[in-house]
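As structure tokens, the structure follows; a few thoughts come after it.
Chain IDs A, B, C, D, E, F, G and H follow the sequence of writing; residue 1 opens each chain.
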Amino acid sequence: MQKVIFNEEKCKGCELCTTVCPKKIVYMDEKKINSKGFHPATVTQQEECISCGFCAMMCPDVVIEVRRPSKEGKKDE
Amino acid sequence: MLEEIVIAGFGGQGVMSMGQLLAYAGMLENKQVAWIPSYGPEMRGGTANCAVTISNTEISSPLVTEPSVCIVMNKPSLDKFEPTIKTGGLLFVNTSLIDAKPKREDISIYEIPANAIANEIGNSKVANMVMLGAVLEVIKAIEPESILESLRKVLPPQRHNLIPLNAQALQKGAEMVR
Amino acid sequence: MKVIFEKPKSLEDVTFHYCPGCTHGIIHRLIAEVIDELEIQEKTIGVAPVGCAVLAYDYFDVDMHEAAHGRAPAVATGIKRVHPKNVVFAYQGDGDLASIGMAEVVHAAARGEKITIIFVNNAIYGMTGGQMAPTTLVGQVTNTSPTGRDVEHSGYPIRVSEMLGSLVGPGNSMKRVSVHDPKHIGQAKKAIKEAFINQIEGKGFSLVEVLSTCPTNWGKTPVEALKWLEEKMLPYYPLGDFSPKEGV
Amino acid sequence: MNKVLMKGNEALAEAAVRAGCRYFFGYPITPQTELPQYLSKRMPEIGGVFLQAESEIAAINMVYGASGAGARVMTSSSSPGISLKAEGISYIAGAELPCVIVNMMRGGPGLGTIQPAQGDYFQATKGGGHGDYKLLVLAPASVQEAVDLTIQAFDLADKYRNPVMILGDGILGQMMEPVEFKLTENNELPVKEWATTGKKGRKKNIINSLYLQAEKLEQHVNRLADKFGEMEAKEQKAETYLTDDAEILLAAYGTTSRVCRKAVDMAREEGIKAGLFRPISLWPFPEYALQQVLGRVKGILTVEMSLGQMIEDVRLAVNGKVPTDFYGRVGGMVPTSRDVLEKIVAFREVL
Amino acid sequence: MNKVLMKGNEALAEAAVRAGCRYFFGYPITPQTELPQYLSKRMPEIGGVFLQAESEIAAINMVYGASGAGARVMTSSSSPGISLKAEGISYIAGAELPCVIVNMMRGGPGLGTIQPAQGDYFQATKGGGHGDYKLLVLAPASVQEAVDLTIQAFDLADKYRNPVMILGDGILGQMMEPVEFKLTENNELPVKEWATTGKKGRKKNIINSLYLQAEKLEQHVNRLADKFGEMEAKEQKAETYLTDDAEILLAAYGTTSRVCRKAVDMAREEGIKAGLFRPISLWPFPEYALQQVLGRVKGILTVEMSLGQMIEDVRLAVNGKVPTDFYGRVGGMVPTSRDVLEKIVAFREVL
Amino acid sequence: MKVIFEKPKSLEDVTFHYCPGCTHGIIHRLIAEVIDELEIQEKTIGVAPVGCAVLAYDYFDVDMHEAAHGRAPAVATGIKRVHPKNVVFAYQGDGDLASIGMAEVVHAAARGEKITIIFVNNAIYGMTGGQMAPTTLVGQVTNTSPTGRDVEHSGYPIRVSEMLGSLVGPGNSMKRVSVHDPKHIGQAKKAIKEAFINQIEGKGFSLVEVLSTCPTNWGKTPVEALKWLEEKMLPYYPLGDFSPKEGV
Amino acid sequence: MLEEIVIAGFGGQGVMSMGQLLAYAGMLENKQVAWIPSYGPEMRGGTANCAVTISNTEISSPLVTEPSVCIVMNKPSLDKFEPTIKTGGLLFVNTSLIDAKPKREDISIYEIPANAIANEIGNSKVANMVMLGAVLEVIKAIEPESILESLRKVLPPQRHNLIPLNAQALQKGAEMVR
Amino acid sequence: MQKVIFNEEKCKGCELCTTVCPKKIVYMDEKKINSKGFHPATVTQQEECISCGFCAMMCPDVVIEVRRPSKEGKKDE
């Protein structure tokens, strides 16, 4: 279940998203490097994410999409 | 002697200063020199390149469109500049960052794993000097010592401690093409 | 799954040319979100400045007009007078608006021109590589104030919102916001929305001054830059509503 | 009879209205101020907008915006004010937008004087602003012609998506002559699909003169060049007077052309075969028409209220084939027909 | 050896300092920004003033004030910024004040691009501003020449009490070449009795370009005309390269002249007798020098980074005696020597 | 006999070209009196505007520089930076200063430029024959506001002193005075004197806004014009000190 | 028929409107006409003058430097324009305000006490119309009726009551030269 | 004893001086006309004048000079 999705090709590695996550789960993936030469930000502990959207609000490059799981019992909209 | 040199890479790889050092050293050797940056719209990130002309006689045009020597530090630069090199010219490829092979057969190609060597001697930032060492060894237009002399003039005193490292890098680069 | 956050429709799906961490991108997104939410994409006309945001016409998916340096308010006036029912906004930097374009913005405000200006104050000339702006802080080092901005030589930085708010203009609205953290980003968006609504309701001129970073020319990492904004800019540029007092 | 007696400035303003111009942005300056004043009354009557801008720079940039938004729009000024518009004019030409700009020239340089002059010919025809662009420049010699050319100017501007300048001087602006407005109101203005009107039902439109990539800008400028070439081929306009057998040809535009016309009459009375070549389009300079009347011409005397500007275009057009001479008054002084006659006599002697 | 390796913009700035310039007013614009940046550090060191103005218009009017006050003063900009200075330049010329104005041209029209171009030749030489005035326009082709001409520019400005323009392009501004500053600091600047310094011990001084009476303004402009005539007689500057036996003559200034010089070498290698005529003063255009090298010339090819501007002055100078052709690149593109060579070959065939 | 009143020394003995009853003449005289009293005739440099006072260089017996329309503050800045010990003043009308020259005056004030500006606000463009100025009152008929200034179309008149006073500038001084009767003329002179002293003491930028008449273009007799100034202008343009509050 | 008329006087004497009326009347009679004001620096007070050309054929130049008819309403105008009149031309002098005598002998001179006559008929403001009446009577180029017709077109309806007065003034002026 | 002196040639007849005189002694001399065509302002009742200077302060054209008689017993300065 992907709550935060990073469009890694667009990421410029500025790290702003990492500073605002209340769960501290956004980190720079030093192992990857995109075609512009940046290490992209990412989240692996998706389950920790509370879908607060802070990372996305802070991202200057519209890299991040955030979703919230439907309430239990409801179908995905 | 007329060398028309193009140096290209990512911003941050030190291609501009490589060119300026070459020009400076040429001047110290009483040669005619000119350095031209490409100050394109790609000012933020992306590629950077400059052209250096070194000559024993007055330089007619400092604009280099058919380089006799070309130094490429990354893949986009290889793609862009390989076709422009003069027949019989020299191409120096930083194989640490470029896995593609040059296609031209009418030029001499030198493959230098510049970043790898720089890391070996302890500082990835001198990859450009490694490259320069190799170039000087081949073209013989400028003495490595003049490059070091230039560094002494250009660097502020408190950073003169970096000069031995640079000397070593030049040296290592030269060894690669001996 | 409900999508909480995605690219707004009025923003083109392209990569900005801005430097890593430059908050121009955040401000663009906020404007696009507001346009989407107000459902005015089809009647909005934007005016791009000369400054780092010069390519804004490639980023907003609305009709766009590239102005001459500093003249966005005049260009926007020309457009608005021809299409009074459309929504016209201009995006301007601090060099563009507060230096070369000072006369145009003061007069657009004085006329109560029904346009909206998003004024990005990053205390420096970004595009030309870091020269002093009229909003550069006292003591701030730039490429043309190498020993720091000196009051004796260059005076104090201009507080644009306060100055425009001192003009008589009962329908005008001037607000200063910041984008240095999510909370302030939320407030900034609200102010931008209100500014557009002010125009749509035909009240008058509206301007939102957004404090923004220029990591590249400030010589800081993007994260340091946000901190600098908060610590250095906020005290001199207080956030708030500087709209003219009612009454003439 | 539908004639009315009007000042040049006011007639020109009314002509703009008749041509469908509904937006005017300008700033007062002598000797063209009657033009904005007239429109400040007239525009509201017809649902148009007259806006006094804070400066000439603001005015030209409002024109830029309004033109991009699809309007027929005009601005007017006089010499120093036109200098201030140089950047904006370059932008408008670069962005390929139509508009009409009026310059009622006064004496310069600097603050100079408010008296008439023709010292802005170079500025108008070679480009006061930066970069390669051209204005279509039309130079009326009478109030009626000011009306007719103004109406044409709006059509030409739309046709080529290029600014058109009406170049007059203080005399044309202040003078009253009878005029007839031949056109009824033109309701069928061209549709401008490129204009910023809101992107409803179509892709977005962008008005712009920036091309960061040199290759792209070169393409763009070359396209402009083609357009300029087309104008040069199609839009040259000139009038000739007694040129068939002329041995001395006067070349003059606008106010000085009328002085010269009288001088031609006076010369003919004295048995001198003089004729007049009057460029109506200053850019493109009517070189073809000039080349055609060279037949018996032994010398060309260019008369301007300047130190000699159009003379260069005359020389370029004749390319050394005919000797040329120049007579000018400056600083607000107007040559008299008798002065010109004397010059003709003197010139004839050295030929 | 006293040579240093410097960027054109910085070398030019240092040259101004060496020439005794102590006041600089400017506004940032690419590709000349290194010039004000350099002076923002340098001026305070030597007791001078660097002031970043709020706009190009403010800058040129500060120059106007400072020059009237007797200072050696400079401003610099690039194409759109120079357009904005047009009114101020006309005032300065009209008031007969000395100053140096640098234009590092970029591609236009409009916002265009930041890449190099030569599209402002007309603006510089024919007058971007209104009215009859002339700038002395100098076009260096190397960093060393930029230094030398800048130093001369201040002297010429004072000598003629007229603004002097240094016309370069982005390449000249950004390029590094070795330079030598031949002059030591010039301490003996001319005394300016006309300057506004406070009327202590003398009658009051007035700096002005207004003459309400046309007769007075005409006298004034005619006096300017005499001065321009003197400059035309004395200040033409050009360089020739292999012109003695040249059959094809290239004409080019600044950056393109260097491209052409190489093209001449290439042509000579192929046995074509090519030569180069390089105007150093663009106004006055060095027509005498050009006329002198026409000897065996069968055709002149003018090469510019524009749609063709200097070509008009070339044609005026040769007055139809030699066929001319034009090759240009625009929008920030720079012609290559090989392109020029091809043009030479093609041109030779039609001659 | 003691001479109570005579032509000041710093005023040339010529006849002004102003219309009968135009208060430009009074303001000229006050400036000259102040120059005399401060004994600075030999070090004063004046900048004349483009406006009815364009010939001011013929009237003041000090070194004079004729500026381009609206650019007097820039010209004065150029002079002052060259001669920091001289006294530099500029004389500007409301079209000159508040319309075309808005950017220049705002920036001179923001820089705290040590110059003095005498700003003659007559609510109209006098020289060009009576067009609307940025200071034209609401409802006032002019040649370009034939049905009276309309707020919806042109906004409210600009109060220059208040606006410049809103800029940060601890050493700056902005005052509004009037010359419609001897008492106010006395106060006006005092303000002008203080503005010059502010400059001489090196404190900062100083501006005196003088409410003035234009009988010709207001279509009134000189006596009616003074009355109109008092009754119509004073309520919208209150007299007083609008200098920035101390503190940054 | 070609008449080139200069009219000059103090600002306020109605010289501009005199000229405009002449031009208007000429137009009504289907003649070619042009009117040019001098919009000199003397905008406030001082002298004012304008030139009117009336012709049966196309007007080459509307600029009048050698008038065939000259009307001077005050002394400075007499001084300025008397020397410019064409040989054989006509000079009309308002003797109410000018006591000096014209000097030229190669022109015809008409002396009209215009203000005196205007005062006689009750309104000093119509001195210009008295003058005009005299001029028309001599040159015959324009019918006085056309002038009155022009007045009807130019004056707002509420001021049409002034027309009889003007007619009388024209009439009186004409009588002076009959 | 002339307390107020009018440079009549310079007067433009604007009447401003007449409105401020506390003694109401300044009047326009309809009998005179200066070379610019204006009736100049003047004072004939010089003895009434209190040398307050108001007329001169108000005059835009520096037409008026004002003097005050020396105090009794003192010589003219």
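To be clear about the criterion, contacts are C-beta pairs under 8 Å (C-beta built on N, C-alpha and C of every residue); 3 or more make two chains touch, one makes a residue touch a chain.
Keep in mind it's a predicted model, so treat the numbers as computed, not measured.
Note on connectivity: the fewest chain-to-chain touch steps from chain D to chain G number 1.
The two chains most heavily joined by C-beta contacts are D-E. Spacing of chain A relative to chain E, judged by their CA centroids, is 55 angstrom. Between the CA-based centres of chain C and chain F the separation comes to 33 Å, rounded to the whole angstrom. The centroid of the Cα atoms in chain B and the matching centroid in chain C are 42 Å apart.
With each centre defined as the average position of its C-alpha atoms, the distance from chain A to chain D rounds to 60 Å.
Looking at chain B, one finds that residues 40-41, 45 touch two or more other chains.
Within chain E, the positions touching two or more other chains are listed as 30, 51, 54-55, 57, 80, 87, 91, 95, 110-111, 113-115, 208-210, 212-214. Residue positions of chain A touching 2 or more other chains: there are none. Residues of chain G touching chain D in their complex: 20, 23-24, 27, 30, 32-37, 39-41, 59-63, 65-66.
Interface residues of chain F, counted against chain C in their complex, comprise 99-103, 106-107, 109-113, 134, 151-159, 162-163, 165-169, 236, 248. For chain F in complex with chain H, the residues that touch the partner chain are 1-7, 11, 15-16, 18-26, 29, 181-182, 185-186, 215, 221-223, 226.
Taken together, the chain D residues at the contact with chain E in this complex read 57, 79-80, 82-84, 86-87, 90-95, 105, 107-115, 117, 119-120, 122-123, 126-133, 208-222, 224-225, 228, 306-307, 309, 312, 315-316, 319-321, 329-333.
Note for the complex: chain E touches chain B at residues 1, 3, 5, 30-31, 113-115, 170-171, 174-178, 255, 258-259, 261-262, 264-265, 334, 336-338.
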